[in-house]
Amino acid sequence: MTLSLVVLLPFLGAIAAPLFAQAGRTAIAIASSVPALIALAMLFPHWATLAEGGVLLETHSWLPAVGLSLSFRLDGLSLLFALLILIIGLLIILYARYYLKPYENVGKFYALLLCFKGAMLGIVLSSNLLLMLVFWELTSVVSFLLISFWNHKQDARRGARMALAVTGGGGLALLAGILIIGRIVGSYELDDVLAAADLIKSHALYPFALTLVLLGAFTKSAQFPFHFWLPHAMQAPTPVSAYLHSATMVKAGIFLMARLYPVLAGTDQWFYMVSFTGMVTLLIGAYVALFKHDLKGLLAHSTVSHLGLITLLFGMNTQLAAVAALFHVINHATFKASLFMAAGIIDHETGTRDMRQINGLWRFMPHTATLAMVAASSMAGVPLLNGFLSKEMFFAESLSLNLPGIWAYLPPLVATLAGIFAVAYSARFIHDVFFNGKPVDLPIYPPHEPPRYMKIPVEILVFACVMVGMFPAVSIGPLLHAAAFATLDGQVPEYHLAILHGFNLPLLMSFLAFFGGLLMYSQRQRFFDFHARFREIDEKAVFEKVAMWLEDRAAAFTNRIENGSLQRYAMLLIASAVVVALAPIGDMGLFIGSHGLSPIDWPSLTAAVLLIISALGTAAYHRDRFFALVLLSVVGLVVALTFARFSAPDLAMTQLSVEVVTIVLLMLALYYMPSWTPIETSWPRRLRDLTIALVAGAGMTLITLAMLTQPFESISSFFIANSKPGGGGTNVVNVILVDFRGFDTLGEITVLAIAALGIYAMLKNTALTPPPGDGLGHPWTRDAHPMMLKQIARPMLPLALMISLYIFLRGHNMPGGGFIAGLITAVALVLQYIASGVGWTEDRIPFRYHNVIGLGLLFAVIAGAGSLAFGYPFLTSAFGYITWPVVGKFEIASAMVFDLGVYFTVVGATLLALVSLGKLSPHSAIKSSKGGM
Amino acid sequence: MNHLLIAPILIPLLGGIIQVFIGYAPISLRRTLALATTVLLLASTFALLVLANDGSYRVYAFGNWAPPFGIVLVLDRLAALMLVMTAILAFFSHLYAIHRTDESSRQFHALFLFQLMGLNIAFLTGDLFNLFVAFEVLLIASYGLLMQGPGTKRTVPSLHYVVLNLTGSALFLISVGMIYSVTGTLNMADLAAKVPQVSAENLPLLQAGGLMLLVVFGLKAAILPLCFWLPRAYGNATAPVAALFAVMTKVGFYAIVRVFTLIFGSGAGALANLGLDWLFAFALATLTMGVIGALGARNLRTLIAWQVIISVGTLLAAVGLGTEEGTSAALFYMLNTTWIVGGLFLVVDLIAAQRGSAVDRIVTAPRMHNRTLLSVLFLIGAVAAIGLPPLSGFFAKLLILQSTTPGAEMAWLWSVLIGGSFFTLIAYSRAGSIVFWRTVDGHVSSTDRLSLPVTVAAGGLVSMAIVIVLLAGPISAYVDATAAQLFNTSEYLNVLNLPVIAEGL
Amino acid sequence: MLARIGLPQPFLSLVLFIVWQLLSDGISGGSIVMGLILAWVLPQVTRGFWPERPAIVKGWLVPLYILRVLLDIVVASLSVARLVLSTRKPRPAFISYPISLEHPLAITMLASTISLTPGTVSTDVSDDQRILLIHALDVDDEQDIIDTIRRRYEKPLQEIFQ
Amino acid sequence: MELAYALIIGTLTASGVYLILRARTFPVVVGLTLLSYGVNLFLFATGRLVTGGQPIIGSTGEYADPLPQALVLTAIVIGFAMTAFAVVLALRNQADNEDDHVDGHRPAPEPRAEEEEGASR
Amino acid sequence: MNPVVEYLIAGLLLTGGAFTLIGAIGLARMPDFYTRLHAPTKATTVGVGAIIIASVAYASSQGAGIDTAEVLITVFLFMTAPVSANIMAKSAMHLDVKRMPETRGKPWDQ
Amino acid sequence: MITTALHITIAMVTLAAVLNVFRLIKGPDAPDRVLALDTLYVNAIALIILLGITLGTRLYMESALLIAVMGFVGTVAMAKYLKRGSVIE
């Protein structure tokens, strides 16, 4: 439980902390310290085990499918980092208490800080690589929020975004790397991975895994060429920068390299990639740091440089170098955290961080100055301080690299050079800030010492620097050993922690660096002039520009492709269908199956020709819309005849009625539209469309031909056999519709109902001005309701109702049914609307069409649900024959009720749709109150 | 025969019918009844999930006609999963709609419920033609829903949507016709049994039919050359509708999974794994297009709309691997993306309401009232959508990445998926930081504060990202079992032999 | 009286009854019962749609009239056929026919008759329902046509409708 | 016979497709209708062409396949509902954009988003 | 079958067909809209009526009893044809379609 | 003999339909097209009836009836559109 609790505690704290925000900064700071204190207390008892190379493991299963488990591991390495995270975290909390202004969102700050701490602890304590990745990306996200804490500042937002893009993106690469490792090993558990080190290194995918993992590590640890995000993360409040740059965030990448050191290191690839990256980073960071006028900028670049140093050490592939690296991790954390805090104090007290303004602070804040100077000396590698020790080891290691020929001189050269720069910028930090004359235009003048407790964290850290520097073996020796033991898988080399190892080459290098650095600083103006010749690149702006460019290109590309043109989308759809079907159809060719062609009679041929002519005519004359409509009617009519010709009376009837209603509908719409379609597409476009159309048509022809001439067996014989005995009707089509596949019909009438409702809703608030006359310039006639039509419409209604009843009743046994009957009723009523107008007709219709639709659906459902009461499934039909005197024998079937539902739905939906359209007309002033809708 | 199977269809149908009748009743009554229907539906789908989790197939034969003659509903794990996913999404969307969207038209609730009915039929049906009918039900309702809301901006996108889908319906019918003309049956299980036995001369017809079916489903799912209708349609729909529509593309996805594992799956003889290669390639292209679109999005709604396309690409790429693991991963991802995208649509709507004339455009605007809450919701949604840990999107992507085997496919999938995540990360971070942080002084005059239902709705959906993580174990076990069930098609064929005819009481 | 027992339009009811018998497969007990029911129900249901109910007084004249019209229709068709098939050019004319009928249904019947009978189509009725515009296909003398119409059709209709 | 029938379907499809690709709503709707006629005929033909085989029990000796007929019936009705909706939507388009172009008015290029941050430089 | 009935049916059919054809010829041949209007209104209606009666006669001659429903179609046609003609003529007058120059009298302004 | 008469009749009606379509396409005015369509509807009734006689079935009777009703409404709607614009108002 211990380990998971250690990780969990900060998150719990993050939830709890904001609750104390009201109680003031002190309260919340205390509340925020609690998790870390508890965690430290919980880790302490395990020290003894760990010091001897023991490992504490804890595993909970989580997602075995992906190999992700909640497993944690505490060994020397993770302990080292955990302690850094916890202790420096505590100091940061205390420091932030004084740093933040009372009006700032303290609750959010501490919550995020604790989240971040938790995520970092998660990284170092995870024993499952995927779990580690989870925390890894979490730090990216939380750091994004922390860096942009002052989100009203543009630089903060940009810095945060850049950090997120780089570290988050690196995390994605790391994800891929880890997945490859997991695939090689078959597990993501650290123990398994460590055990499979040789397997991994010899695997074909090793270079990929290595590159991807290193991408993750380098982005996080701000290695060249990904280092640029780090200085801009300075936009965060100083406690955040101090934390991110010393003990956490950037150290995550280092930790990763240490953690996977036994697995990945030791190969040439590792050596070249890691050491050269480290080397370049070391130099660049050190070089740039010297020229930064911003206090935090200097520190940030020095961080980059030191991270490069650590990376270089890891890259050296020697065990001793790894130890040195770990040692430097500790040292860097302590002096860098204290330096950042000092810088924060200076910023806090003077209102600026520009070293051209801040001068001679020694007089105003000697205490802070002392602390900062000690820490800076440590950074420079001055003896008796911890920085000196690890740097010495670094120099020693740089000499021991076995590079061929002249290359052997490179590492020591680089190391020394970097040392010189380090001394130079450290000297600048000390001299510029605390001496070098008087302050220039300070926003806050005179500056004075910060609150007492704000200095305590700095004091503690500086004390640590000194202690480690003077008594390394006692103070840090065991911890370092434990960490090295864990990192190197138990193969800790002989090393000796002492203030001095005698007068040797490394010491000489140190001296060289020290005096070279001082010299460089004294001659700084020359370097500044030299540096000023190069235009300084603002990485943020570049990044922003690249991002913007990307977005613009993306937007332009999107707009080009997704241009809002239906013609293009439709073309793509149809072309896709044609293309996918083309290959099989092409294989088939003009295929005539075993049934062959049957002879054709002249009337059918004539009808076919008429249909083809009308269809082509519709397309050819589509510009004259009314003409196209008339031709469309012909097509519909001949299609209906075709159905009749080939034994489908039901279809013929349905097609006919639907066709007429459709035409009426189209004409209702056409009233408000131009009666003529202009030519808008260029002829190549039309040619293209024509080609697509012809290919589609040809394809359909071939398919149909092949299909029709092939023998065929279907399940239909069942329907024919069971229609009468099982469904109680002799019209098999109708029985299929209301019984065998009644559910389809239920869906179908639902569609109809929804369409009508949707049409009604859509037209509810539509205002359309009809044209004053037709397209030829004739004004509309004033005679809306011709007398003869009116007179003939009157008797038509009862007659049509009778016919529709007739067709309805016969439907189960003869062609007909609820749908056709419904359409006849609807059309008869539509005739009333046409003949006498909306107002007149609505006055005579005592119900709302909505309710008719609802009633229809309800009937259908009730008819279907009736069978449930008898334990039969939905839509099971029942029928029986009743004999009444006089009337004779007749059939009663539950399917009739269902069909009645169809009838009502059709009536309601058709009328609702048509009448909604008709009501758009300004002439249809509705006087009716009860009527219609 | 378990009558519970028709509950997800009958409940919204009856609820919808009631809404048709009470269109003029007080709005509170309509809201209460409508929401009650959705809640009831939710409950019933959970019951079905429990039922389906034993791994057997349950068949409901309409009209007491045995398959392949009658229409059957088939409940398996996949169907139950889709039902529950939809019901949860629908519940929150509906809750959100109660806030104000439903005032725009008296038909809103009816359309909404009918839409659910269509979706549920599509997920449950075991009949190819009935699938067509289900598609039409859900499409026509979606047309109606899409047009809800004031203003004229959604007319043209809706028109495009409608015309394309009508064309798609025609293609669907042609495909069904081709398949029927060769096999002589419509029942999916029967089709699966007959497809391998189709004679060589009939094969081209069947193949063309199958591939055209893929195009149809691809249109619904919004695969690359057929996806362009989506951003504008979704981007202009009212929020709860857009949120509900997050499931619309999943219908296409579902249909592809169902039809192309069962009927044209590995057991389909000469047509085994029909179209799978195409699917994978086009899915990756879709994903790329989605990322590009998201990167270039100028407003949040469009951004989320492209996110829909990204998820489609991701889903189908995983399915296109043609493996059990891939499908399982896709299902997991589907849960995540459906809810999250739905939630994001809602959140974005809340954001837009508080930014005055800037609405959801990614520009400087006055500070929002409820900035903290909204930004947290957006953050959660974005993190889950990008696929960053610790939220559900990460695990989903992890599963997908893991489901590949080394080779060209893996290289493609990994690089596109991971690269896509990176660029969406950029898009979201930029959008979020501008919308929330780059503010000008002064408040928007509107006092559009958050009401409880909308907050719960948006928050609820977005926080599914966390729920999924907490339940990751059970969920992944379930989707694994689902994929296993899917790939064991011979089991499904047993549907034909199950005793489904009731004897009555 | 008939209206009181639910037969607002007895003539319509009669027609409906007959039509139902025509539709049914032969006359049976069932068809008669159903026909009666429909003849009773439908006129009531659709009552509102026929507000200006005609007062048919001499209903027995209707079959006679129909017979005459049928006969004329055959003749009309023959004459049209001749004209269509001949090469002679027709001599068309628009003729205004002053109506003396009052009831719109009567006018409609007249107009319909005219359209179905030799060489004439009624193209319009004036707004005040006083003048009927007729298009005649092949005219020697307009007055002759007007007289024929008045004698053969309008008079009987006047008797039927009063 | 089959050839004529196949040509009918091909022609309907081709005409429908051509019209669907037009730039105005009205031809598009007409095209959809034509296409649906073609599709209905096609679906109908999946049961093969039978003369005098009405699927009414007792009316004839050999019956045509009733199932495609039922399917086509459903398809016709659904097609009708869809067409109706499309027509009305076209009308809405006309109302909202005072134009029946399928894309409303020619879409103007979307306003470029403000340059984040860079604008200040 | 009774040869008389047979002749009758054949005669009716042929008459019907002839009239239908004549109507169509008239429609195709006549010089202007108004004259074209005459042909279908009368000839075609009569032609179809004859065919329907033939059908009724044929069906009853097959011994299925008198099938009367078709008669309804004829009635329907006779009821509606004049009204169709009327309203089409009105629309033609409204559009002021071209007339034969020989036409006496003038259509009304709509 | 009836069969022969039937064939001749069918041929005549078919020819009539061809002529109708000819007029429909030729126009020249919209009313001509409507008139041709109306006539075509009536022709279709004849064809359906003849089909029924040929097949010896009465099952197409309703179809013919339906054409009569629907054709009328369609014609009326078209004619009304031509002169009035709004079919239902």
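Going by the order they are written in, the chains are A, B, C, D, E and F; count residues from 1 in each one.
Rule of thumb we're sticking to: contacts are C-beta pairs under 8 Å (C-beta built on N, C-alpha and C of every residue); 3 or more make two chains touch, one makes a residue touch a chain.
Keep in mind it's a predicted model, so treat the numbers as computed, not measured.
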item: Smallest number of contact steps required from chain B to reach chain F; value: 2
item: Partner chains shared by chain A and chain F (touch criterion as defined above); value: D, E
item: Relative to chain E, chain with the most remote C-alpha centre; value: A
item: Chain occupying the most central position, where position means C-alpha average; value: B
item: Selected pair, greater C-beta contact count between A-D and A-C; value: A-D
item: Most remote chain, CA-based centroid, reference being chain B; value: C
item: Distance from the mean Cα position of chain E to that of chain A, given in whole angstrom; value: 70
item: CA centroid of chain E to CA centroid of chain F, Å; value: 10
item: Between chain B and chain A, distance of the C-alpha-averaged centres to the nearest whole Å; value: 16
item: Where chain B and chain D are represented by their mean Cα positions, the distance between them in whole Å; value: 25
item: Chain B: positions in contact with at least two other chains; value: 129, 133, 136, 140, 143-144, 147, 156, 159-160, 163, 167, 174, 178, 180-181, 186, 298, 430, 434, 438
item: For chain F, residues contacting two or more additional chains; value: 10-11, 17-18, 30, 34, 59, 65, 69, 76, 80, 82-83
item: Per-residue overlap in chain D, given as positions that touch at least 2 other chains; value: 16, 20, 25, 28, 40, 42, 45-46, 51-52, 54, 56, 59, 67, 71, 74, 78-79, 81-83, 85, 89-90, 92, 102-103, 110, 112-113, 116-117
item: Pairwise chain contacts under the document criterion; value: A-B, A-C, A-D, A-E, A-F, B-D, C-E, D-F, E-F
item: In the complex with chain E, residue positions of chain F that touch it; value: 1-2, 4-6, 8-13, 15-20, 22-23, 28-32, 34-36, 38-39, 42-43, 45-46, 49-50, 52-53, 56, 58, 61, 64-65, 68-69, 72, 75-76, 79-80, 82-83
item: Residues of chain F touching chain A in the complex; value: 10-11, 14, 17-18, 21, 24-25, 27, 30, 33-34, 37, 40-41, 44, 47-48, 51, 59-60, 62-63, 65-67, 69-71, 73-74, 76-78, 80-89
item: Touching residues on chain B, where the partner in the complex is chain D; value: 129, 133, 136, 139-140, 143-144, 147, 152, 155-156, 158-160, 162-163, 166-167, 169-170, 173-174, 176-178, 180-181, 186, 298, 361-364, 430, 434, 438
item: Of all residues in chain E, those that touch chain A in their complex; value: 72, 79-80, 82-83, 86-87, 90, 94-96, 110
item: Residues of chain C touching chain E in the complex; value: 19, 21-23, 25-26, 73-74, 76-77, 80-81, 83-85, 89-96, 108, 111-116, 119, 121-124, 126, 133, 135, 137, 139, 142
